[in-house]
Structure formats: C-alpha cells, structure tokens
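Dumping the structure here so I can ask a few things about it.
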Amino acid sequence: MSMNSFGHLFRVTTWGESHGPALGATVDGCPPGVPLTAEMIQVWLDKRKPGQNKYTTQRREADEVRILSGVFEGVTTGTPIQLMIENTDQRSKDYGDIVEKFRPGHADITYWTKYGIRDYRGGGRSSARETAARVAAGGVAREAIKMLAPDLKITGFMVQMGEHKADNRDMDQIDQNPFWVPDAEAAKTWADYLDGLRKSGSSVGAMIEVIAQNAPAGLGAPVYAKLDTDLSAAMMSINAVKGVEIGAGMQAAMLTGEANADEISMGPDGPVYSSNHAGGILGGISTGQDIVVRFAVKPTSSILTTRKTITKSGENTEIITKGRHDPCVGIRAVPVGEAMMACVILDHMLLHRGQIGSNQGKIG
Amino acid sequence: MSMNSFGHLFRVTTWGESHGPALGATVDGCPPGVPLTAEMIQVWLDKRKPGQNKYTTQRREADEVRILSGVFEGVTTGTPIQLMIENTDQRSKDYGDIVEKFRPGHADITYWTKYGIRDYRGGGRSSARETAARVAAGGVAREAIKMLAPDLKITGFMVQMGEHKADNRDMDQIDQNPFWVPDAEAAKTWADYLDGLRKSGSSVGAMIEVIAQNAPAGLGAPVYAKLDTDLSAAMMSINAVKGVEIGAGMQAAMLTGEANADEISMGPDGPVYSSNHAGGILGGISTGQDIVVRFAVKPTSSILTTRKTITKSGENTEIITKGRHDPCVGIRAVPVGEAMMACVILDHMLLHRGQIGSNQGKIG
Amino acid sequence: MSMNSFGHLFRVTTWGESHGPALGATVDGCPPGVPLTAEMIQVWLDKRKPGQNKYTTQRREADEVRILSGVFEGVTTGTPIQLMIENTDQRSKDYGDIVEKFRPGHADITYWTKYGIRDYRGGGRSSARETAARVAAGGVAREAIKMLAPDLKITGFMVQMGEHKADNRDMDQIDQNPFWVPDAEAAKTWADYLDGLRKSGSSVGAMIEVIAQNAPAGLGAPVYAKLDTDLSAAMMSINAVKGVEIGAGMQAAMLTGEANADEISMGPDGPVYSSNHAGGILGGISTGQDIVVRFAVKPTSSILTTRKTITKSGENTEIITKGRHDPCVGIRAVPVGEAMMACVILDHMLLHRGQIGSNQGKIG
Amino acid sequence: MSMNSFGHLFRVTTWGESHGPALGATVDGCPPGVPLTAEMIQVWLDKRKPGQNKYTTQRREADEVRILSGVFEGVTTGTPIQLMIENTDQRSKDYGDIVEKFRPGHADITYWTKYGIRDYRGGGRSSARETAARVAAGGVAREAIKMLAPDLKITGFMVQMGEHKADNRDMDQIDQNPFWVPDAEAAKTWADYLDGLRKSGSSVGAMIEVIAQNAPAGLGAPVYAKLDTDLSAAMMSINAVKGVEIGAGMQAAMLTGEANADEISMGPDGPVYSSNHAGGILGGISTGQDIVVRFAVKPTSSILTTRKTITKSGENTEIITKGRHDPCVGIRAVPVGEAMMACVILDHMLLHRGQIGSNQGKIG
C-alpha cells in the first residue's frame, strides 16, 4: 500500500526529490524476456527533458537513466528493475524567499502542514521532476507491450493551450513543433502566444489528449479497477492536473441518450462502432476502439507577478517566484501522459491474463 | 488487490448483481467505538432509492440494509462490517432481446468479451444497483467522520442537466426539489425538460458537484495516493461517469498563472485563500479550504429509440431498450458521489493519523 | 490493504463473528467459467462442521453456505462471489464470567486492549468459527484449480496429537478415522487418549500436514511473495497456530549441506529429485515436487481447570471456561489448512499466468 | 501488490542482484521528523557484512549505504527513502559450471523454470545479498521506533547450530562471539565445530531467535494481518528459512491446555503473565509481553562435495559448488531477522495508530 506506487501487477514506485542526488523508479512485475536497454528508455526521457527549446524550463538536466537491476544480458529477468536518474543541475546555493514563504499554487504550504518539514529546494518531492521517473517506467512498459500487442500505439498531443484550441488532428504534425500539437496552424499561433507569456513572466494552462490505438478488447476489471478508473487516477496523479476525461468526458453531461450511445455493427474483424463517445471503454472494460483520455494541466504557479502569501511563522507577505520555469508545463506533460497510459495498459493486460487467461469471450 | 475494493485503510469491497438474491459491501478498517445502526445508514440509501418520483426508475426496491457483522451493542468493533441489501423486485422472468443482443452504450459487449459469460439480467454486476452498496458504506464512513471531525460536512448537488446549468448555489434549495439542484428556478425548468425526455423515452446526461467543508488540512499522500487522485478514481468508478474535475477542473487549461494561483493571507484561525481554483487540494494534499469535486454522468443508454447493434453470434440487428430506467441517472448519482467523498476522506484521515500521528506542521 | 483479506489476485475477505447473524467470505478474482454450486462447497464445510463426533465441540451448526453473487447459471462470472453462512446455534443468552473476565490463552484481553470494545460472545471475531468462511473460499479455489491443473491434489492430515506421533503415512486411512490421521494404529491410541482428555475437561495441541501433489513448477514470486512466504502467512493466520514448517522445517537447523541438498536427475517427464527436504519449494518457487507444509496448533485454552486471570477493571480473579469446546482443535484445523493451501496455490497460478503467460522456461 | 515489497503502511521494496551494479531498498511510509543518517543505518549493515571472520563468506563487500532521497537536513520528510548499496566485489569473470548446471538446493532451477531466464551470477536476485537491503530498511525502522516507543528493544541471537543447542540465555554474551550466541560455552564448542565443517567444505543449518521487549500491547490486526502472521511471512521470506515459530512454536502441539494457557494477574503497570507460551501474541495481537519469534535456516547448499544434478538441456551431470560461501548462513541471518522484526513492528504501530488512534482499551 505504498503511497508512492501505482499499478496492480506492473507496479511502479517512484522516489527522489528535485534537488537530491538522484531520483528514479522501482518497477516490479515486468514480464521476463523483454529486450531492454537504457537507450530504449532514454528516447522517452529525451522527449520530456527540460531546456530543449525556449518554451520549457532552462534547467539543464542530462536526465540520463541507468538500469541498476532486473535486466540481464539485455533482457528483463522478471525481477525488480531499478531506474536511476542522477540530478546534475541542482543549483542549490540560494533558495532565498521560498525557505520561509509558501508559494501560492504550489505544494509548499500543504507539505509543511502535513509533515511539519519540507524539502523546499525546487519543491522537493512535489516537483514536476518526479515525472521523469514515470517516463522511464513508461519506457519499460512500452517495450513489454511491444511483445504482447505489437500493433498497440500510444500517442499524446496537446489540444488546447489557454484559450487556443487545436482545430485539426493531423497526427503527422505532432513531432513537427515544440508543442506536440497536431495542427500546423495552431503551432504557429501558440508560438507567438507563448513567447509573449514567457517574456512577461506569466504562464498558462493546457489540455492534453492521449490515445491508445489497437488496444485489445477486454482490458479493465470492474468495479474499482476499471480501466477508466485507473487511467483517471494515473493522469490525476501527474503534477498540476485538475481534470480528467474519457471519451466525451465532461461534455457527456450535455448529451442525450440517442447522441451518446455508440451504435454497433459487425465488421470484417469484429465489432465496429459508429462513434466513440465512450472513449473505448464501456463498464470499465475496453471495447477495442481507440482508448481516449484527456487531462487539463493548470498554469505553473511560478510567475513573475507579485502574489500575496504568508510565512511559516504566519505573517502576511508577498512573493515573486523567480527561477527557471516552464511558461506552459503542459508541453512536457505530453510524454508523461503517454507514459502513464503505457503503464496502465500493460498492467491491465497482465491482470486480464492472470484472471482470464485465453478463455476470453468471442463474438460470432 | 481485490478488483472490487477501494480504499487504503478504510477498505470497501462491494459484491452482488442487479438481479441476484442480494448485494452489499464488506467494510474493513473502520475505527472501533463508532455508534452505528442500520437506521443511520438507511437514511442515505433512501436518498438513492429508486422509484421515489417520476424522474427515477420505477423499479421498486426497499433497499433495506442489514448489518451482519462488525457492530456489537450499537457500536463498531473495528472488525469487518458486512452490509447486505436484498434484492426484492427483480422481475426476472423475461429478458427478451438482451440475452442475445448487446445494448449500445452498456457494458453488455465488454463483459461478454472479457469473461466469456455475462449475467444479462439488468446488467448483472455492471448495473447501477451496485452503487447502493457504496451508499451504505458511505453511511458508515460518515458516522466515523463525525467522531474524528464533527464539523466536516459533505454535500452533493446537481449543477447541470443536459444543456441546462444551475445559475445559483443556494444550498438550502438542494433538498427542496427532486434533482438536488441548489437553484429553485433551475428546478422548475429541469422538471419540464426531464418530463419531456421521459415521455419521449429519451435520456440526458448531468454534472454533479460534491463538496466537503471543514475538512482538515494535511489529508492526502503524494505521489500516487494524492487526495485528488483517490477522489478522481472514486468518482470515475461510478457507473456512467466520463469526467472528473477538481476545483477549476478542465477550465484550468484556459487560465493564466496570475488567475489561477490562489493568494494566501493569515486569518484568525489559520491561512485564508483569496479564491479556490485548487479545489482545496495542492500537491495532492488538502489545504483546509472546501474540497470541490465535479463529475459528468453520461445519459443512460437505455432509450426507446431503435439503435443498431449486433448479437453474440455476430449478426447485425437492432434493439430498443424497454424496461424501467432513469431518464437522468445523474439524479441518483448525487448520494453516490457524496458516499464516495465520505469514504475517501475518512480513509485519508486514517492514513494521515497512521503515518503522521499528531506531529503535523503548524503555521504561526 | 484490508486487514481481513488475503491473496493477491484470488482475494478472499472474511467477515462475521461467532454469535452474529452470519459470517462469510467475499471472494474476488476467481476466473470466470468455473462450474460452481453451493453443494460443491458444502462438501468441505461438512468436513469442518462441529458436532460430528464426540471429539469436536457439541455446538450444532448446520454451516449451510449460500452463494449470493458471482455465479450465474451454475458458472462463475469473474465478479465477486459472496459466500454466506448463517449462525443458527448461538445460545447467546448467558455469557456469565467472560463478559468481565479475560480467558487466559484467548484473545479476550488483546481485543479489549486494542479496540476498547469486544464482542465477548464466543470470542466474537477471534472465534475459530471464522475458519468456516475460509473453508468455503477454499471450496471455490478447488473448483478453479480443477480447471487449471486437473491432476493437482491437496490432502491434509494430522501427524501428531500431544506427544503421540503418527508413525505411518497410509493415505487411505485418512478418511477412516475422526482424526484424519494416516495411521490406523495411531487412530486407536489417539481415540483413547483424547477420550480421557475430554472427560477430564482438558485439551491438547496437534500438528497438521498439508501436501499438494502435482502442482506445476514455477509457482511463487520472489522476494516477498514467495510461495512458502504466502503459505506460512496463510497457515499462521489460522486460529491457534504457533508454528509453520516447509519441508524439513525446523529440523533444517540440524542438517548438513550434504544431507539437505536434494539431488536432481532427469526423469522421463522432467527433473526428478532424490529427496524433498525443500518441501517442493526452492527460492520461493515450486519445483514440481510435492509441496509440503506443516503447522502446529496449540491446545484450546478453554479447559475445566481453574486458571488465574484478571477482570476488565484490573482485579485478580479466577476462571473456569465451561461451554462447548474441542478437546483438540487440531482435528478441525485439517480442512482449514487444506482450504488455505488451495487458495494460496490458485492465487499463485493466476499471478504466474499474469506475469509470465506461457513463456515459462523449459528444461531439455 | 509488488512482489518485491512487504509491509502495509511502512512499506519496503527491495531491488537488485548479487552481481549487478547495486542493490537497495525503497522505503515508503516512514513517519516524518525522524533523525536519520547513513551512519545510523551502516551500524546494522556492518553487523551483517561478509568477510568479518573466518566463519562467513570471504566475499569482500564494503556494503556502504547511501541515502538518495527522503531525508532533508538530517531528518526524514515522510516521502520515499531510497537506500542504495553498490556492489564492489563481484568477481564476475568466470561462472564456470553454474551457467549451464543447476546447483541442488539453490533457486537456479526454479528461477529458470519460472522465468525462462536467470541471472546465474551469484544467484542473481535469489542471492542472500538481497538481505543487505532488508537490514538497511530495518535500520530506518529502528530509528522511527525510537521516536514512538523509546524503550522497545529488538535482539536477535542464535540458539542452535546443527545438533548443538545453546543452553544459556546470557544476553550479555551475544556480542562477545562471532555467532551471536548468548552462551559462552556454546560459543567455544561451535567455533571448533564450524571450523571443522568449514575445512571440509561442508555446511550446517541453524536456529535463530528474535525477541522484541517492551513492545506496546495492541499491535496486530486480525484476521489476516495478525502480528504473528506478518512476522512469520517476514521471516519465511528470508533466504534459506524453512520454519517459523511464535512462542512455544511447534512444541505447542505437545502441550495440554493447562500447560499452555499463560495465567494472568495484575501487576503494578498492568497485566502480568505467569509464562509466555504465546510468544507475546494472542489472537494475532500483542499482549505487552516479549514478542518471541524463532526461525530455522537450512545449511547453505554450496558445498565442496560432489552432488548429482542436471543441465539446462536436461542432461544428467554432477556439480561441486566452489567459491566464497558461509559454512553456516544462520550467523548472518541474525541481523536480518532483527531487521524484519523492526520493520513489522513499526508497520503495525502505524497501522494501529491509523485505525485506533489513542482510543485504545484500558484495564483497571
């Protein structure tokens, strides 16, 4: 019942703080025989790595992952995989204000209130740096999925930044811009918009979508380990996330039954659906359609505008959060959301195999 | 790792199907010494009970709960509490179409695909009747909370039905209408609207908000047992829920850092916040503000309009779902959301006490 | 993390007290498609049932199990199975001494000290009646095992009663005597011995062995979910058990490396071992040999000899425990040990299938 | 449900192999505010460290622990503590026979059979080197216990080596000899005996006892998280352990009810018991007496005598296990047993506090 773990059979425990010597993930329950190298994982870490363009924090971290256990001769052994990432650019000399003052919108005040102690350096455990460990674990999950469901494909992208929505879903565009947005036009508009925010020391929220294509039908375990339940917990656990949607999401509140119920017909390879309001999940179990999750990331609370706050000793004061920060943390949340999707799906594949084996139901 | 359980220390396992002899909840980890009677729990079940007005299913269930264990001389003993509700109005004679056909939008096809067998009677395990067990467990949680935090108050209400939003938050109105909506005007409009839908055999989605007032600061356990993580899992696990929001929710994507960061000042009894975009949770830990959760419920998929579907043997066909159904299942989701909030909050109170005891941090 | 649950994927939660209305087991994670009726389970409950001969408590319980959920048309659905056994012979009128006094050797004093409340009627939750729920759950596990490993056979028997050991292992004898002892001579000696103890109001301990034959190699998950770890937890959780052994057990302390290391050679169907000091488990994983577990049950503490004790208010006093008790509770522990073995083995079959699938290693 | 984790609230996950770059423990759920340095943990690791005298393996490992997270300014923060120990003396050049052959009594054959791959270098994950991580975690637990129950004292010692029992319990002797035996005479006899075994390349088993003095009454959570259940699982999970006993242990089978039921009287500070057959635990809950656990360790299977075995390809062959090994692994199991006791007791202190708080029952 570790508070810093998630997953049932594929179980990930992350550890480490923003400015400690290292952080990482202990991954237990990975199937044996999966080819795995640090390079395979590094690909995904590089995608999340800070300082790659002017839109993300200028902290310079190599984010190099080392595999300390669980892999032998290039293959997973089925025992715990320890993934360690050393912190190299901590710049810990001067923390100034934040030692005594609580930054509004950050976890400073709640960590203090809960624990009576907090590692104030860069947010300590509550720093978004923790998500590097998730991305590393997600890299392991992806390789295991490759063995079990080679056609399964997980793709994350931004669909909204502040008031600006992406109008297109041109998946080929995702890798062509620094925002992972599937819309070339939006990419341009967003670049200008974010540049302005960055220069003024402001920040903005974002919405990210992650889809899994070609996931097998039958994943998910009612009633409290539903696939959507586990996905929403996974996404909500990411720093700064305030909302999670499956398929039609919050908009489902506005639909009538006629509009919402995706009709079914028989296709050449099994059931085919007329639409996907369900986001690929019915009753907590995957249908075989695309699994569609969206989540909203709040703007980073580190801004250059003065904000009112209090000190540890209870005095009213003000704070400006200088330092190296992302004007839109949502950008770097894209690979994190993909990683969480990969972990949850692999976990449910193993769970399904455990309880059901190959005795799944057939249609036709 | 039971798939039908939730909670860490206050652990609830539900069991039972829509048309079996009974359903219920096994509640483990309740503190001892909590006064508890069936009547205390029945209050909440009656709130969820079907057939109370024309807007909910006409299935007539007494929904009478029996306490089979864990209570001695009117007080909890600290051992498992078994709460059983017998099914009395199953009308199981004729299931007609649904034995062979999959109802679109329902879990029929996914249960079949996953398990190779399904209890088609009323949806079996995937029926919303399962939520009665949650409400019963929530009743236990409420009594335990009373002992630990007497001022804590949990209130659920509808904020939207289809396109119709509630404009007011007049909490005194909630119990004055069949929709639990805090807006007398909305109640009238909704009555007409839903009556129309009901008569035409249609249905509509809804949005529910649940707030917890006077919850202690410090609840929640980073990084994967955050209070918001557990709340979103709890709400997403409710039948028909497609989206969950904390505080500003999905709208957080549109905010700037200036707008979003709730400013802090010192009040007479501790920190006071200028706003509550955070929904009472920062870094996964409660701030002491109101804890605010919203979730969207899709329209029931059982409608009188013909929909295309397939049979178990893979043939294309059509279906009309007759029977006793709610035109807006969101109504009865209100007490369910409240129950889940109660369970999650109690669980985190116990977790916090376990790890931290009374050594919490102080401000000032 | 329910305290009243065990198992990873095949997860059993028991509930209920000795003198409450009912007790039972909530069984989650059972594979779907397993033929299951109450009668199949009743067979094992009848074996444990009290009052069947003069050597067990004269409490008369029908111990009739009802399946309240999780089975449809005679087959498991993969959803939680609720097994309920009503208490019919509670005789709750007069509890006399035990309301105020703590019976030595019983859990009276510890339940009081822990919880500040205790159901004193027949020991409440700490009564050996709880084991009926385990036996019912074990009945489910046995049926699932039949589907997965038809040749697997679980057999429990007594190997020692007080100072009297069984010299033979004539398995055909087990069902021929009230002690489940595989030794006709021992059965006679024990009958006389126990008759004497019973008449004098005394009691005696016992040692039980449970073996699983034809269990597949590869079950068990290092390092903390080893097959022997889970078996020892399962057996130690049974009321009155004070020691658990695997294979050579405590005697392993006396062996040299030469004596202990079971030699391996290749047989027609795979590896063959020269001996089984390991009890069928190496490094926490089954070898394919017989899995051998032994456990010691202490004598029931309810005896007719006066014992010193104290009252709730801390006064010195004496107590004689009258009532209906087993002179040797070890007898009825035999079916309980078998049930726990069945549950643990099924659980590990599912776990193994989940993580490994069919990619197991091969020899030759 | 990580297979390489144990504990409920104080949750330890170990990782790493004998000949990988490092091994360690991820410790989650530790209370905040506990003073902790690497030096405090190193004390216990040094006690377990190999190569300290001629009776333990000559592998030279510094076994230096590093704290990578969860500690800030010398105090625990309540977030995961990562304890890493680098492997420095792997000597991995030549593994000879063991690449193809299975060593009898070792986990070689079962890891291969389960996973289809095994890290043969020094036993990989099944090596007793894993216990270094447990000892490190136990060091953390001890410091947390100091804050919660300053008088609680955990002591492990050997009570038997092969056929040689310790006749005395002179606790002052424990640290005076390389066997941690509380009997000066035994220490002499054992030295000669073990020297002989060592020279002949043989090995022998041992029995270890671990006691916890001044543990609070009320620890343990029925029915499946009993204190004795969790202790037996903890001890059985240690490499080479084949039996676990609480109090009278397996000998309880031979006792009568009169002999076994420890009588209770009222002392100046609460209940006093005439004896401790229960090992300090009744109904799974601590009484306040000494908690007494014993476990048997089998002889190391690495001996210089030729043993029959088979190869991966299924051929009969023979093997001699050369290399650096302990003639009696039981010696180094003493600090490991202590560490497991510390972890289990702390875990149950937190669990108890979580569910019960300070509302415990009182006597008198």
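Before moving on, here are some points about what is shown:
First chain written, first letter: the chains are A, B, C and D, and each begins at residue 1.
Rule of thumb we're sticking to: a residue touches a chain if its C-beta (ideal position, glycine included) is under 8 Å from a C-beta of that chain, and two chains touch if they have at least 3 such contacts.
In UniProt terms the chains read A, B, C, D = Chorismate synthase.
These figures come from a predicted structure and were not determined experimentally.
Among the pairs A-C and B-C, the greater number of C-beta contacts is found at B-C.
Note on A-B: across the candidates C-D, B-D or A-D, the interface recurring with over half of the contact pairs conserved by residue number is C-D.
Averaging Cα coordinates per chain places subunit B and subunit C 38 Å apart.
Between subunit C and subunit D, the centres computed from C-alpha atoms are 26 Å apart.
For the pair subunit A and subunit C, the distance between C-alpha centroids works out to 45 Å. Subunit C has residues 1, 3-5, 8-9, 14, 29, 32-33, 78-79, 114-118, 125, 222, 351, 356, 359 in contact with two or more other chains.
Contact residues of subunit D toward subunit A in the complex are 1-5, 8-9, 11, 13-17, 20-24, 26, 28-29, 32-33, 66, 68-70, 72, 75, 77-82, 84, 114-119, 124-125. If you check the complex, the residues on subunit D that touch subunit B are 1, 9, 29-33, 78-79, 222, 350-351, 353-357, 359. Note for the complex: subunit A touches subunit B at residues 1, 3-6, 8, 14, 102, 104-107, 109-118, 125-126, 130, 160-163, 197, 202-207, 217-218, 220-226, 228-230, 232-233, 236-237, 239, 242-266, 271, 274, 277-279, 281-288, 294, 296-303, 305, 307-310, 312-316, 330, 351-352, 356, 359-364.
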